[in-house]
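Right after this note come the structures.
Shared chain: chain A. Partners: chain B in the first complex, chain C in the second.
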Partner chain A sequence: MHGRVKVRTTEEERERKKKEQALKVRAYRAAMGRIQKKREAGELDSEMLTLTVQILQRNPDVSTLWNIRRECVLEKLSKLKEEVEDEEEKPAQEEPVGDKPPVKEDKAHSIFTCELDLTEQCLMVNPKSYSAWHHRCWTLEQDPRADWQRELQLCNKYLKYDERNFHTWDYRRYVTAKAAVPAAQELDFCTEKIKVNFSNYSSWHHRSLLLPELYPNEQRDRPMSEEKLQQELEMVLTAAFTDPNDSSAWFYQRWLLGSGAQLDRAPRVAAFRLESQGAVLALDRPYPDLKQLKTELTGGEQKVELQSWLPVDSSGTSWKCQQSLDYQRNTIYSLKLCDQEVNLSPLPGPEDGAFYFAPPHAAASCSKELLAELQTQLQSCLDLLEFEPDSKWTLLTSALLMRAIEVSANHEKSLAHLAKLEKVDALREGYYKDLAARWTLEYELAKWPQAAGFPRNFTLAEDVLLASLPYGQYFVIADELNLSIKLREQLGDSVPITFADLKVKGDF
Partner chain B sequence: MDFTTFVKPSNGDGGGDGDGQNGQKLQFWKHVEYIENHGKQEDDYEYCMTEFLRMSGIYWGTTALDIMGQLDRLDRKYIVEFVKRCQCPTTGGFAPCEGHDAHLLYTLSAIQILCTYQALEEIDCEAVVRFVVGLQQPDGSFFGDKWGEVDTRFSFCAVATLTLLGRMDQTIDVEKAVKFVLSCGNQTDGGFGSKPGAESHAGLIYCCVGFFSLTQRLHLLDVDKLGWWLCERQLPSGGLNGRPEKLPDVCYSWWVLASLTIMGRLHWISSEKLQQFILSCQDAETGGFSDRTGNMPDIFHTLFGIGGLSLLGHSGLKAINPTLCMPQYIIDRLGIKPQRLARP
Partner chain C sequence: MSDDLPEQFDLVVIGTGFTESCIAAAASRVGKTVLHLDSNEYYGDVWSSFSMDALCARLDQQPEAHSTLRNASYTWHTTEQEPETGEPTWTKDSVLAKSRRFSLDLCPRILYAAGELVQLLIKSNICRYAEFRAVDHVCMRHNGEIVSVPCSRSDVFNTKTLTIVEKRLLMKFLTACNDYGEDKSNEDSLEFRGRTFQEYLQAQRVTEKIASCVMQAIAMCGPTTSFEEGMQRTQRFLGSLGRYGNTPFLFPMYGCGELPQCFCRLCAVYGGIYCLKRAVDDIALDSTTNDFLLSSAGKTLRAKHVVSAPGYPPVSKGIELKPHISRGLFISSSPLGNEELNKGGGGVNLLRLLDADAAREAFLIQLSHYTGACPEGLYIFHLTTPALSEDPAADLALFTSQLFDHSNAQIIFSSYFTIAAQSNKSAAAEHIYYTDPPTYELDYDAAIANARHIFGQLFADADFLPRAPDPEEIVVDGEDPSALNEHSLPEDLRAQLQDMQQATQEMDIQD
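And now, the complex of A and B:
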C-alpha cells in the first residue's frame, strides 16, 4: 500500500465507512464464491466474464481472475473453431458470392476487444497493475488482427498522465518492436519528451537504448559514435543547467563520459609475473574460476598452457599457478588470455623472470572536436561553480570532465572536488572517499612503470591519504610495498598480497 | 511460550535502548501487537481485499516477528496447515490462498514460511522443484506461471526457492538463467529492470543482485556504477527512493540497503539518517510501519522497516540475511551461503 495518508475521521464517519466496507466485503466474497463454483463446474461462460469484471474493475491485481478470463477466452475461441469446422463439414449448398465477411474472425476480434477494453479501464484505476498490463499483452498475442498503431497511441496517452510509469515505457518498447517502429522515429519521440520535461529519467533511459543502436561506436570504447556523443553532451548539459538540482540529466551525462563497457566482457590481463617455479596473474575485473579461461604462455618455440590456477585472495582478481616453467633467458615471452595476447618484459634484477603490467582504466582517446566540447563544458561548469560553489552535481561533473580531458594533469584538482563533495553531500561521504581512493590508485599505478624499482617495489608517499586500497591485485607482481604505517594499520588484513609474500609462504 | 521473559518496559518502547537518539525510538511492542493482530479480524476490508497475496502477507508477518524474537506469538500449526492447503496438487506450486492459482511469487513465500517453521518435510518438495523447473524458458528467463509473464522478479523467486530447498544443482539451467538476468542490465547506471531494456528500478535491482548472490556471480556486477546509483537514492530525509526523482519509501529503503549490503557498499549511504527515516515511518498509535512518514501502516512495510533496522544493526533485533530477507539463523541452519562482497 503506497501513498495513503493517515487522516483523522470522526466516529460517525468511521461507522459509515465500516458499514460501506462490510457491504463490499460481502459482495466480494459472494462473487468470489460464485466464480470458484462455476470454475469447478467448468462453466467458462458469459456470466463468468461479468462476475470477474465486477472485481477486477476495483482491484485489477487479483491475478487469478485474469487467469479465469483467459480460460474463458480460450474456451470461446475453441467453440468458434468448432462451429467453423461444422460449417465446413456441411455439404456446400451454394457457393459464396463476392466478399463474404469472415464472420469467425469478426467474432474472435470482438472477444479480444472486450478484453482490451477491460484492461484499459483497469489501468485507469491502477496504471501500475502488473496483471492488467500482462493481460493486455496476452490478448494482443492471441489476436492476429492486433492493431499495434492503436497501442502506440495508447502509450502516448498514458505517458501524458505519468511520464515516469515504467510499465508504460516497457509496454511501449514491446509495442514499438511489434509495430516495427524505426529507432530513429522513437528517438524523435524521446527528444520531444525530454524537451517537454528535462527531469525525466525514463526518457533519458529510453534514449540510452536507442543511440548505441543508431550511432554505434566502432572501437567500442564509448557508448556511441564521437560525433553523436558530442551532440548529446551539448543537449544534456543544457538540460542539466536548466535545473542543476535535478539528477536525471547528470546521470546521463556521466554515462556519456564513460567507457561503454559490457557487463559480461571477458577479463583482461592487468599484471603478470613469471619465474621458473610458477606465475601470478592479476585480472582487471574479477573472475570466479580462472581455470575455465585458457591461458597460454609462448616463449620461442615453446607453448605451454598454464593450468591449475589457484586464487590468491577471495576477490577472484589475482591468481597463482605453481607449475614449474623452464624459463629461458633471452627468449621473448608472450601470454594469451582468451582473445588478448600481451608481450612480457624481462624482469630487472638478479633472478630470471618476465612480467607484464597495464595500469587500470586508461581514458578513451578524444578527437579534437570532442575535446573542444569537453573543454567548453568544463568551463561552463566552472563558471556555474563561481555562483554556486556548493552545487553538488556541478562539482562532480566538472571533476569527471577534467578527467575525461586529461587525467593526470587534473588529478589534484579533481580530488579537491571530491573533498568538497564529502562536505556538501555528506550522506555519500563514504562513496566519495572510496572514489578518491580509486582515482588516486589509478594515478599512482599509471606512474608506477616510471618509478625506480618497478615492478619489484611500489612506494606510496606518506602524504597520500586513502580510505581503502582498490586495485590491490595489481601488486601481486611486486615484492615490496612501501605503504605508510597508518595505511597498513587501516587496511589490516586487506593489505594486498605480493609475489614475495607467496614466496615466503613457500608457494614458489 | 513463556511471556514473563519479555518484560515490557513501562514506557512501552522496548528494544531500542540507545538507538535513534536524535529521533524516535523503536515502538517494539506496538509493532509486535500490530503484526500479531494482523489477520485476526478476517472480516477486515483491507485484509479481505488483499487475500490475493495472503501467502506473502504471512511471510512478511512471520519474518518480522521472528526478527523481533516473537515468532511464538503466532500459531505455527494453523499457519503450516494453511500453507499446505495452498499447494496445488497439479502444478506443485503454491497459491496465495485457497481458491486462487499457484504462482512463483507465492511459492517462494510459502517455502520461506516453511523454512522458518522447519516444516519442509510436510509438503511435496519434488513437486515444487518440478513447478519451478517447468517455468524456465529457452532464453533462461522464468514465467511467473503458465500464462507467460516474464520478469526478473521471477528469476529471483526461482533461484531463491531452489536454494532454500537445497535443489539448485541439476535442476534449472543456471548459465542460461544468468545470461537472461544479465540481458536486463543497463549500461547507463549498472542497474537492472524487469526485462531486457526496462529502466533500472531499486526493487528489480534487489532481485537481480540477490539472484547473482544466490548463483555466486556477483563478479558480473559493475559494483562502482551500480553502487553509486544506489547510494544516490538517499534523500535529505534519510529515506531512499526506488528511482531518480521519486519519493522516499521504507520498502525501497530495504531494496537499496540490502543490495548495497550484498555488494559491500553499505558505507556509501548514511546509516544514521536512514535509521531516523525508518523510525519516523512508525505508527506510534497502532504499531506497524508505513511507506512514508504520516501514512497508513501495512504489514509489507512493517517487515521492510524492521528488516532495514536489523541490517543497520539496531539493538534488540535478530540479524537478517540481505539476500533472502529471512533471519540469518535460519539461513545458517539450512547451510546456505549467499555470496556477499567485501568492503573495498
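And now, the complex of A and C:
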C-alpha cells in the first residue's frame, strides 16, 4: 500500500488514548504530591504557583489549589512590602528623589494580573467553576488598581458565549456595582440579551433588580412605576406568547403582576383587638419576635407601650399581650407599629374594647393606562384560549390578569380557571387548590367588615370549598368561627385560634 | 508538461463544475486514479465565481452551439463625470479598479444549514476547506415592501409586524409542522392527503400575513404545491434553524465558486491530477479493451470511464441545449429594503419573488462586502428564475420591476445571461456520463443527487465520499499506530512529564 493513506484503527486509537490517560493521571498525581509536600514545608514560592497552574488549567474546580494560590499571593505581597521597607530604610541620597516609579505597585499589579489571566483561562475550560469565579473576585478585591471596565468587557464576552450562565450574571452585578455602571445602561444590555434569547431566567431576574431602582413606584404597591410596568407587561407577554412552554417569561410576568412586596419591609398590622385585660395582634407576615418592634397605643392623652408579646401560633403571625389597660369608652385609640399608625374602631356590643382590621392584599389602585394595558392583555389571553383551551400558562395568567383588573368581580371566573388547571395540569393539583383557598379567603376577608356580627363572628358559607384555611391569623380578633363541619374535620388541629379561645384558656 | 502525465486512468472527468468535481473527489477518495481536465483557465465552469474584469471578459466571449452560458449582455449605468460636491460616487473605473475584490457567481446558491450539501461537506470532512456566512434575513414582499420573515424564536419575539396572538399562531403552526410525521396517523395527514398545502394552511386559522410568510418564504411553495410537499419543505426549513445564526441558511464566503474547488482539493489530496486550460480533441472507444482513448494536446490517454459536463467539445457535439435558467446580476451602491434589513452594512439577504398569481418565481440573493464577494459600499443582487425564452432580461423583467421600480437602489452595473441544459437527458452516448448543468434550485440537492447517481453507475460498490481523516489521524509508515505520540500532548504537560520521570524515581508513585 505504498503511497496510500493509513489511518489508525479505532482499536489502536483507543489503546493510544488509554496510554495518554494513564500518563495524565501520573502527571496529576506527581504534581499533587509535590504540591502537598511543598505546602507542608511552607514553600509558598513561584514553583508552587507553576505547579498549581498545571492542574487548575485542566480542572479549575480543585478549590484547595486556589486556597494555596491565595496563600502564595499573600506571601509574595508581604515579601514585596518588606523589600520596599528595606529600601526605604537605606540612606535617601542613593536614589534620585521624586522620579522613582512606584515599583512596588507595579510588581503587585503584575502578581494580580497573573491571577486574573489564570482565572480567565480556567473559566474558558469551565465557565461555571465556582472556585475560579471566586478567586477572580478575591484577586480584584486585593488589587487597588483593579480595572473594572475590563471586567465588564469580560462579562460581555462570556455572556456572548452563553447568555444564560448565571455565574456570569452574578459576577456582572458585582462588577457593575464596583464600576458604578448606570442602571439604565445595564437595563439596555439586559434588554439586548433578552432579544437574543428570552428563555433566560438570569436576564429576567437582572431586570427585576434594575427596574424598581430605575422606575420606583411611589405607592410601593407595584414593583415599578405604572408607565414602565405597562411596557414590561407588553414585552413579557410577547415572549410568553412566542413560546408558552418556556416558563421563565411567565414567572417574570407573575412578578410584574404582583404587589412588588419588598421582603425587607417591616410587617404591618393585619388585625388588632384590645380589651381591658389585654390585646391580640395579627401581622400580615410572620415576624420572629414582636417584642423587638415597638408597639404603641395612644388614646386621648394616654400613651402606652405594649410589651411582653407572646406568640399565639407557631408561625409568628399572631401575638397576645396580657397587659391590663385602662380602657376608656368614647376615646379614640390608635396603634403604632414601627412607622405604621392605624386608628382603632370601638367594638360593637356591650363589652368594652376596640379593634382594627385590614383584609389581606387590598387591591392596589390602577391608572387608566395600566388598566387598559391589563385589559388588552387579558383579551389576548382569552383570544388564545379559544385556540388552545387547555394552555396551562394562559389559563393561570388570565386568572391573574382578571384579579389585577378587579378582584371581587372576577372572583368566580378566576376560580373556574383554577378548577380547570387542576385537571389540565394534574401534577400541580395541590398548588392550584392552595391558590384557590388563598384567593377565596382574600375574597371572604374583604367582605367580612360588611357582614353582620363583624368582628365577633365570621361565617363561611357551606358551599365554599376549601383545601386549607390560609390567613388564619386574621381570625384572632374574632370570637366565633362558623365553619362547615367538613372543613373543621379537614383542618383538625389547625383551626385558627380566636380571641374567645384565648379567653377560655384564661389568658385574659 | 503533457509528457509528465500518466497515460492510464480509472476516470477522466471533463469540466470542473460542481457536479464533476464532486464525482472526481468521490472517485479519488476511494482509490481510483483520476484525471480532471478543464479547457478553461479557471475552476468551476458555469459554477464559478469571477472577478469584475473576468466576468466581463467571460460575458464578452462568443458562445458556441454547445455552450451552457449564452445570451450574455452587460451594461454600465454610471456617469463618467465626477459629481461636483457630496460623497464620491462609484464610476465604472472605480469599480473596475477593485475588480479583484469581486466574486461574481454565475450560479449563486444558498445552503440549508442542515441540507444535503452541508451534510455531505461534514460527512466527507471537506468542510475544513470551506467557510460560510449565515444568511442574515429571509425576506418576503408584503404590500410592495420588502420585510424580514421571522424565522427563529427570537425573530418572532422581536418582530413588530405580528400581534401577540399572531405570534402564538405562527409558532404553533411551525411546531405542528416540525412534529408532523412523527406520528403518521395524525389527523391532519389523513385529512389533507392529496390536497394542497395552501388548503391546509387556510384550515389552520392563521392570519393572511402568517399565511404569506409561510407560503412565500418558509415552505417556499405555490398554490398548487401538495400538502405533503409543503410539509416536507417547511420541515426542511425548520430543521435547518438554530444551527448557525438566526436563519436556516448559509452562504459560502467568497462566493459559490469556492465549493467545486473544495471538492477538487480533496480529489488532489488523494492523488487526482488536475489540468486546466487543456481541452480534449477527440474521444474514441478501444473496442478490444473497452477503454476510452482521449486525445488531448497531442497525447493519447486511456480511461476506463469518462464523465463530462455538457458544453465541452468534443463530447458535447450533438447534444442539444435549451435555455434553463435566466440570470440577472446587478451591482448597486445601495442595498434593497429598509435600514433594519441592512444593519451595519448588511450581510446576506434572501428574497423569493412571485408574480401576481404565484405561477412564476425567482429568487434574489443580496450580498454585502461581509461575504468577501464585493468591495465595501457595494452590493450584489443575484436574480435567478427558470428560463422561459432565450431573452433573460425579458424573463426577469417582471421581477426587476418589482425590485427596482420603486426602490432607491443605485444600480451601477447590470448583466443578464442564460444557463442552458440538455433538452434530452438520455443522450449519454458511448457510455460517457454527462452531468446535468445547474438546475433551478436554492441548494445543491439536485446536483449532489446527480453526482451520487453517476458515481453509483461507475463504481457500484464504493462508498460515496466517506470521511477523510484529519492529518493527526494518519499513521506515518513504520510508526507504531498505538504508540503515544508525545507531540500530541500539550507543551506544559510534556515538560511536566520529564520532571516527573525524575520525581517518580524519588517518590513511590503507583499507577
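Structural remarks
Throughout what follows, the second predicted complex is superposed on the first by the 406 of 508 C-alpha atoms of A that agree within 3 Å, B and C clash if a C-alpha of one lies under 4 Å from a C-alpha of the other, contacts with A are read in each partner's own complex, and residues count from 1 in each chain.
One rule holds in what follows: contacts are C-beta pairs under 8 Å (C-beta built on N, C-alpha and C of every residue); 3 or more make two chains touch, one makes a residue touch a chain.
This structure is a prediction, so every number in the text was calculated from the model and none was measured.
Contacts of A:Glu388 after superposition: chain C is touched, whereas chain B is not reached. Contact comparison for chain A: of chain B and chain C, B touches the greater number of residues.
Within the superposed three-chain model, A:Arg173 lies in touch with chain B and out of touch with chain C [touch as defined at top].
In the superposed model, A:Lys160 lies in contact with neither chain B nor chain C. In the superposition on chain A, A:Ser202 contacts chain B only, with no contact to chain C.
Of the two partner chains placed by superposition, only chain C is touched by A:Asp243; chain B is not. Of the two partner chains placed around the shared chain by superposition, chain B and chain C are both touched by A:Lys24.
Of the two partner chains placed around the shared chain by superposition, chain B and chain C are both touched by A:Lys6. Annotation: chain A residues 3-6, 22, 24-25, 29, 199 touch chain B in one complex and chain C in the other. Across the interface of their complex, chain A is touched by residues 31, 153-154, 156-158, 163-165, 167-169, 171-172, 205, 270-271, 469, 473-475, 477, 481-485, 488-489, 492-493, 496-497, 499-500, 503-504, 507, 509, 511 of chain C.
Chain B contributes residues 43, 45-46, 48-49, 52-53, 95, 99-101, 103, 145, 147-149, 151, 179, 182, 185-190, 193-195, 197-201, 216-217, 219-222, 224-225, 227-229, 231-232, 234, 236, 238, 243-247, 249, 265, 267-270, 273, 283, 290-292, 294-296, 298, 300-301, 342-344 to its touches with chain A in the complex. Interface residues of chain A, counted against chain B in their complex, comprise 1-6, 21-22, 24-25, 28-29, 32, 36, 59, 61-64, 66-67, 70, 130, 134, 138, 164, 166, 169-170, 173, 199, 201-202, 204-206, 208-209, 212, 223, 246-248, 251-252, 255, 258, 260-261, 263-264, 285-288, 314-316, 426-431, 434-435, 437-438, 468-470, 494.
Across the interface of their complex, chain C is touched by residues 3-9, 11-13, 15-16, 19-20, 22-27, 29-31, 33-34, 54, 57, 195-199, 237-239, 241-244, 380, 383-384, 387-388 of chain A.
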